[in-house]
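Presented below are the structures under discussion, each in the form of structure tokens.
Below, chain A partners chain B and then partners chain C, in two separate complexes.
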Partner chain A sequence: MRYVLGRLGSTIPTLLLIALASFVLVRVIPGDPVHVMFGDIPNPEAAQQMRERLGLDKPLIVQAQIYLRDLIKGEIGVSIRTRRPVLAEIGTVFPYTLALAVAASILSVLIAVPVGVYAALRRGRFGDMLTMALAVLGRAMPNFWLGILLLLVFSLGLGWFPAIGSGDWSDPGSVLQALVLPAIALAVAEAAFLARITRSGLLDVLPEDYILTARAKGLGRSAVLYGHALRNALIPLVTVVGLSFGRLVTGAVVVEVVFSRPGLGTLLVSAIDNRDYALIQGAILVFAVLLVVTNLLTDFAYGFIDPRIRRG
Partner chain B sequence: MEAVSLTRRKVLRDGRIVVGGGMLIVLALVAIFADWLAPHDPIEQDLLNRFAPRSSEFILGTDAFGRDILSRLIVGARYSMLIGVVSVAIGGIVGGALGMIAGYLRGWVDVVLMRITDALLAFPLLLVALVLVATLGSSLPNLVAAIAVAVIPRFVRIVRGAVIEVEALDYVTAAKVIGAPTLRILRTDILPNIASPIIVTASFMLASAVLVEASLGFLGLGIQPPTPTWGNMINEALPRLRLQPMPAVYPGLAIMLAVLAMNLVGDGLRDILDPRTERAVQ
Partner chain C sequence: MIRLATQDMQELDPAFMGVVGSWWVGHQIYSGLVRSDSGRSGPEDVHPDLAERWDVSDDGLTYTFYLRQGAQFHKGYGEVTANDVKFSYERIMDPEVASNYAGLFEPIDEIEVVDDYTVVFHMKRPYPAFLGSVLTYRPGYIISQKAFEEKGQEAFALDPIGSGPFVFESWTPNTEVVLSANDDYYFGPPAFSGVRMRVIQDESAVAIGIENGEIMAANLTTPEALGVLENNPDVTLHCVGSIAARYIWLNMKATPTDDVRVRRALWHATSTELLSEGVFDGWHQPLDTILPPSVWSHTDDVTKYEYDPEKARELLAEAGYADGFDISILYSQRPQDNGIAIALQDMWSEIGVNVELIGLDHPVYTEERQQNRDAYDIIMTHFGRDTDPNNFVQEVFHTSQFPPGSNASYYDELDDLIEAGASEPDLEAREAIYVELQKKIQEDVPGIPLVHTTACYAVRNEIAGFEPPVHTGFAVYPLSFKE
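Let's turn to the complex of A and B:
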């Protein structure tokens, strides 16, 4: 319990730092948001009114105070372009990004663990070398390019999957179908990386004394593998999967663009184009909070699986 | 000297390093001599030759504006390599220096530096670079700066750990006892002994930097067209993907081969120089 509280406490300064950083960053964006909203037509009066309404005319320190006060109340502003609350804008697209990242995360583990175990058990033989060579290749493939290849073959070529969009929530089948190719595109590089971790984790564990003990007391190969070796070998994988989830959420930004899926990525890119301060700030904050929470959960899971962590 | 020649022999016998290193040398030469090697002007449009098929004149065909794809790939290599190498060099020098300071001085400096480093490490490279480029604008120096900043905390962590290990060794203690100045201890006693993890980290970071630069280019946040980069070439090819897929396929292949070469060299060097850094780098 002390461990949990300690970890929770240490995330608060991180979150404050992120909030402040996102505030500062967004203020240094070149280009005046009011100017962008009204286009190039000069209308100084209206522009000035807008600036006052958005609070952009006040000194930076005051802006920062207002920003932090609103943040604590859970208000992170209104999109300058659509005039909708930032949280609502993000809320609409967030489930798509989350679904994609979660699907890719599950998929990468489902591919990586069997492949890694196979390679470890075949260490030094052809099967090991082949899978690890494929892993090196998979890690080098840009996810957006893999997405394009999948799109060319399976959507435009064979017509098995939709080429654009995210399906319709009223038809869960279509949502899943639209998720398949982007999730694969996103998962492959991660799976390649995780397979190597699984392999080396298992190879680290196999020479341990407790494996020898288990074999010596007469347990079968598979009982030792699944009951003793794999359970310990997967401990490092938990941390790595946590970090990998962060990469997947970020990678989703890029893959969404390939498949014209709605999501945090498409939102962020268009917000950058439109100099939509509040929206960029909000999207960055959501990313940051998501990553911090993921890290926290990973640490808890790690502590839960491996009691040595809690005590140390 | 014995150890150096042994390492050199190991390096030359490692298939991954030989193949990956060979690819990197070719890539570097292509980047340096791009202007001489490119058969056509990479930017000048030739609208009569849009989407020309592969031929002896246009070896990989032309794109939507009739520009020679091969020439654009060759010039694009220059940007990928330049941005990757310079940003990793800056990130390595700054991150390495901060890591040495944290690891050698310890105390509150270490605590503060590592707090910030750990907070930044929670964010993927691409996200940090994306946010910075989105705010600063996407000029060449800004791209380099953004990727360098994203890379710094990775170096800080690796170098700090290595310094703490080396610092406990007898010859460092001896240097301290005879009253050698701190800077000299860092330079002559510690730096040469933490070079291995720095080199290994740098080769993996180079691969990541090239991927990040390509991703930013693909999102339209990298070097702006008509200047060709591998990422923005794919971005430009996207709207006509259905009828003309090849302009999107070739640049991706180039990115993959470059990243592959860097990872192969990194893998080989790690196994020889520094078998323990596998997890720490990622």
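Let's turn to the complex of A and C:
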């Protein structure tokens, strides 16, 4: 318990530092949100009024103080462009990104474990070499490129899936349908990586004495594999899946834009285009919280599976 | 439900709407005293909307509008009356409000409400562009005074109440805008139960959406997207010369472009044919006059500068730059502007002009253009107003618009003609003024027109009734599903 609390406590300064860094970074990018809002019809008085209303006329250090003070109170500001609270803006699109990342995460494990086991059992043979070569290819393929490829074949060519958007929540079937291609685009590279981890994890375990013992007891091949070998081989996979979930959330940024899906990614890209400072900071903070939380959960899960870590 | 693709909106307060996405939504939910379906602003293009008819006094100083009775605001906000008209326009004129559009209403002296259905505008001076290019334009929308006062400015901007054919329902930023049919619309209910406007940033994605039917109509500008749909039997491309074009503006107050021979030389060294073909696959047309042909009073009877590098070299030598010079171009780092800049660099290298390319991310470019204009020799813009020439020449060539305004050339010899054209009530005399003005610009070369933007709309064949307007965004109301 003390371990859990200690880990939780150490995340707060991390998040505050990230918040401050993002505050500085967005203001270092040249470009002015007020100019973006008014387009090519400049009206100096209107621009000045807007700047005052948004508090952008204050010195940077004062703005930073206000930002951090509000943050500690749990307020992360109001979007410059939409005038709505940043949390509400993120809240409307976050479920789409979460759904995409979870789907891609599940999909990558579902692909990786059987492929990894298959390769390990055929170590050094043609099947192993072929699957591992494919894994290298999958890992090397950029997700946006794969996304465009999937769009062209399955959406435009065969018409099986929509090319745009995320379906309609009132029709859950359409949401799932719209999730398939982006989830595959996002999952392939992770699956390739996880398959290699599974393979090497299993290869490490297979020569162990307890596997030999299990065999000697007369257990069947699949009982040894699933009951003894795989259980132990998957421990490293848990950590990696946890870390890869963070990668999937950030990777969604690009995939969402390719599939014109709403989500944190498209939100962040347009916030940057519009120099919507509050929204950029908010989105970065949410990414940071997600990464920190998945890392924490991974640590806890690891400790749960392997008690030596908790004690050590 | 009709499904369209658009850019994202911002706010919908007619006093501030500043981006294409907002204009497009505004077009469906608001109505004005008069309207122009084609987007043109000539006298024959202006039709009755909330005003059934109107009179203009002979001296051009008094406009009387007679409102139709029974036109209703959305969501139960009551009938549209002369008071709403007065309220909507006085708000834009109010210096406290600081509207982007205040300048367009400056010639109005007073707005007088005679009764619920009669409103009179008293002008300080004749203002012939008033009907066509102010009242049919974005600030001409009438809002509900009651709704505005009840909600306040900020809330109204995101939950607007107009009296147009569609009612604003919801906006999910970066995702979509949803409108529903206004069944009480005074011209009759629309053919669609609503409009779903999907926000899609990439035009190639829009093209794919149109191909597989997820999107039914959209405005497209990139040759890549247009090329995808060109031969699709289910889709019709409606293309029309728009009111916008790409230009470069030359600094007339700094060397070497303060010399008219240098400016003319640069024009002679520019092949607009090549820009049209090379950068736009011929979708957008070469332009050889500053005002595009879609603008009223446009004339071709002006000095022209055909592509002739030899002549350009002679002019440069005459001006004392036989060995050329270095020059910088500021432009927005968008793919097509980038292509133009690189092509110019290549073409001008032939006459010894060495171009430094300064392409910046759009928001940074805008800021630099307005705040730091003198740091660059040449500014590239994509610019257009309406088909009445007044707004264009006022914004681009009047001395009151020196940077941070749009007069990036520091052109200072046109104020008299601009002001004369703005207030000449007689149509023929007014046309003569603009012809003279065009001849003068073409002699002085404050800038070089490059490519005339073609407005293309891809519309799936199940949609009937589409007529392409000259500016971005079309009215959904005249459309229907084919039987």
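We adopt the following convention: the second predicted complex is superposed on the first by the 309 of 312 C-alpha atoms of A that agree within 3 Å, B and C clash if a C-alpha of one lies under 4 Å from a C-alpha of the other, contacts with A are read in each partner's own complex, and residues count from 1 in each chain.
Keep this in mind: contacts are C-beta pairs under 8 Å (C-beta built on N, C-alpha and C of every residue); 3 or more make two chains touch, one makes a residue touch a chain.
Since the model is a prediction, treat every value here as computed from it, not as a measurement.
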Task: Based on the superposed arrangement, let me know which partner A:243 touches: chain B (first), chain C (second), both, or neither?
output: first
Query: Of the partners chain B and chain C, which touch A:156 in the superposed model: first, second, both, neither?
result: both
Task: Would you sort A:137 into first (chain B), second (chain C), both or neither based on which partner it touches?
output: first
- prompt: Who does A:25 touch here: chain B (first), chain C (second), both, or neither?
  reply: first
Message: Under the stated touch criterion, which partner chain does A:287 make contact with: chain B (first), chain C (second), both, or neither?
response: first
- prompt: First (chain B), second (chain C), both or neither: which does A:49 touch?
  reply: second
- request: Have a look at where A:257 lands relative to chain B and chain C in the superposition and call it first, second, both or neither.
  value: both
Statement: chain A residues where the chain B and chain C footprints coincide 30, 151, 156, 257-258, 269
Message: Touching residues of chain C toward chain A in the complex: what are they?
response: 5, 8, 10-11, 16, 18-19, 95, 98-102, 154, 157-158, 172-176, 198-202, 205, 208-209, 211-212, 214-215, 360-364, 366-367, 370, 381, 383, 404-406
- prompt: Contact residues on chain B for chain A in the complex?
  reply: 115-116, 119, 122-124, 126-127, 130-132, 134-137, 207, 211, 214-215, 218-221, 234, 238, 241-242, 245, 248-249, 251-252, 255-257, 259-260, 263-264, 267, 278-279, 282
Complex interface listing, chain A residues touching chain B: 13-14, 17-18, 25-26, 28-30, 136-137, 139-142, 144-145, 148-149, 151-152, 156, 193, 196-197, 200, 236, 240, 243, 246-247, 250-251, 253-254, 257-258, 268-269, 272, 280, 284, 287-288, 291-292, 295
- request: In the complex, go through chain A and note every residue touching chain C.
  value: 30-33, 35-46, 49, 79, 81-84, 89, 92-93, 151, 155-156, 159, 162-165, 257-260, 262, 266-267, 269-270, 273-275
